[in-house]
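One chain, subunit A, links the two complexes that follow: it is found with subunit B in the first and with subunit C in the second.
Let's look at the complex of A and B:
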């Protein structure tokens, strides 16, 4: 389905990553694979460094740390936040909403909306759509979109299909009204018949976590994983992305009547380098316009990867000028969405580390 | 024989890191036959032949010749 928004903008972007870093070269020793094949995987997929939560780090910890940073820097005022939209698949608890926990920890006003959305790799596009919809209300002038996940905590360290690429992170996006007459096009599709392509089987109410769901099982190709762990049908996801994403972008640009070569940046979700290179080839987009280096530096942090691609590669440019950008997210659900908007002249665009020890964190 | 499908064998050899692949070669017997290889083959078939096979499709074919035939059949549709 298509969406159309007017007079809305992204005001600023902050990404927060755990300082703790994992290295594929060290981790691959615990996978039961020939060394040269692991090195091949590193080269093709772009596996290298990834940021990992430790000591029970939760989504609300990353979000609170990032928001406190923005308050301290004078980038954002507490009382200006009319809505907190959190997109996560790794909430602190099944209930209450993690957005309510964040509101409480920060002492935000009661006269506001806190909303959790269960979405993953399409979560930045879905979250922006929700934020823009909320801004249609006269009482809502500023929405804080938080994308955050600590999925490494739900991933088997002995599963080479998922662990090397997973990264933990949060992003905070200020979404507000635009005084200019901006036009934003978006589209979104969902296919729940393929809901098992990406899933954590146990831990909800259909299959509660027990001692049995924690047992590592040999799932083929020498990979070990429990039912409590994230499961990804990598090649099915690859087929899905190559089949659905290029036509989705074509429809978006056709609806907006904007030619492909008028796009400055294609800021897509970052599953791995391989998938993005193949997408760029198929869409005949110059690889220089589609960053694909988030996984090698930080890992794939589901809904956070688009903000990360921006804070990693385009920080100075996004502060200085405006660009016509095309966003796309695709993943769990299955869900795929894209958005065409003008992005730039941000009031902030940066990445900060969440320190490893409590002494280094000024909020403790 | 100047069959356009011969191109498949050359590209398979490249992915499997061997000098040459023949129609009768059993895919699963190659040293580098693993999930990364299957994914690379899926991507190659999509890019070079416009054919979108799944991992299950690829793993169902026993020999390189059967894979070439499956691609030819899809491409003809």
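Let's look at the complex of A and C:
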């Protein structure tokens, strides 16, 4: 499905990561995994450090902390927020919507829309599409898109296939109208027949969490996981990405009539370094145009990795000038989406830590 | 140039890869080993194995791996 938007823009980007940091090599020792194999994985996949929620940290905590930072810095005014779109797979509760919790904690106005979207690694593209659609309404002038997940809390620390790559984080994106005649192309595809490739089996109503769903089971290769935990069919997801993403980008650029070499930055979801290098090879994109270092610094934080690739690598550039960028997200659903837009001259582009202790957070 | 079995042994030195017809069924390679092996083969042979070819069928035994390398013009 193709989308076309005019006179919309991203005005600013903030990423928020827990200060608590895990180390891949330290965690590998827990698995009794040979050091030489860990070192090879570190080199190939880019696993190194990742940020992890602790002490019951929730999505709304990261989001509220980030928005309070923007209010305090004068980057954003409470009364200017007409819609709050939260994309997460790890809500505070099954109900109410976590976006409503954020609205309430921040004391935002009642004359606004709060909306939760259950999406993951394609969630930045999906969230932007939703935000641009909302901006078609005369009463909506500024949308705050929040991508946030604390999936480490739903990942088995004894599952070598998932835990080393998971990172927790939030991003806050200001989406607004553009005074310039900007044109944004996007496309999105979904395949629900493959919904089990990425899944947390228990905890919803189909399989409520019980003592039995919390029991760790041997799922092969010395990995232990419960039905309450994230389950990822790594081979199926890898093949899905390599099969679907390159033709999706070709179609997007063909629709927009923009050649591949006219793109300044390919800002893709960051599952691991290897997957991104393979995509760059296949698409014949210079690796220098496709950052792939988010996982090594922060882990894979689902829909937050694209904003994080920007705040980590392109902060100064994105404040100073505009670039033609191609975004791509792919993951749970299965869902894959891409977007071609002009990005830059942002009013803010930064990353902050969510401090480990309440005292430190109070001092901020 | 190292043989395929030698390259495999750099990843999993505890196994004899010449003696197995199915590395995956015999528990000699897991999905992370497959990824490490692709990176090793890319570097050793100066190729880039397409991501869509990183499927279990191409990693079951030495014959399957040799056929995969020949597809990319590499002589194992």
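Operating definition for what follows: the second predicted complex is superposed on the first by the 361 of 364 C-alpha atoms of A that agree within 3 Å, B and C clash if a C-alpha of one lies under 4 Å from a C-alpha of the other, contacts with A are read in each partner's own complex, and residues count from 1 in each chain.
In this text, a residue touches a chain if its C-beta (ideal position, glycine included) is under 8 Å from a C-beta of that chain, and two chains touch if they have at least 3 such contacts.
Please read these numbers as outputs of a predicted model, since none were measured by experiment.
Annotation: superposed three-chain arrangement on subunit A; subunit B versus subunit C shows a clash. When the two structures are aligned on the shared chain, A:141 is found in touch with neither subunit B nor subunit C. In the superposed model, A:241 lies in contact with subunit C only, and not with subunit B.
In the superposition on chain A, A:109 makes contact with neither subunit B nor subunit C.
Legend: residue contacts after superposition of the two complexes on their common chain; A:78 is shown touching neither subunit B nor subunit C. Number of subunit A residues touched is higher for C, counting subunit B against subunit C. By the document's definition of touching, of the two partners only subunit C reaches A:279; subunit B does not. In the three-chain superposition model, subunit A touches both subunit B and subunit C at residues 37, 40-41, 44, 161, 221, 234-235, 238-239, 242-243, 274, 278, 281-282. Chain contact summary for the complex, subunit C toward subunit A: residues 11, 30-36, 38-39, 48, 50-52, 54-56.
Residue ranges of subunit A in contact with subunit C, taken from their complex: 37, 40-41, 43-45, 160-161, 220-221, 234-235, 238-239, 241-243, 274-275, 278-279, 281-282. Residues 33, 37, 40-41, 44, 161, 221, 234-236, 238-239, 242-243, 274, 278, 281-282 of subunit A are the ones touching subunit B in the complex. Chain contact summary for the complex, subunit B toward subunit A: residues 32, 34-36, 38-40, 42-43, 46-47, 52, 54-55.
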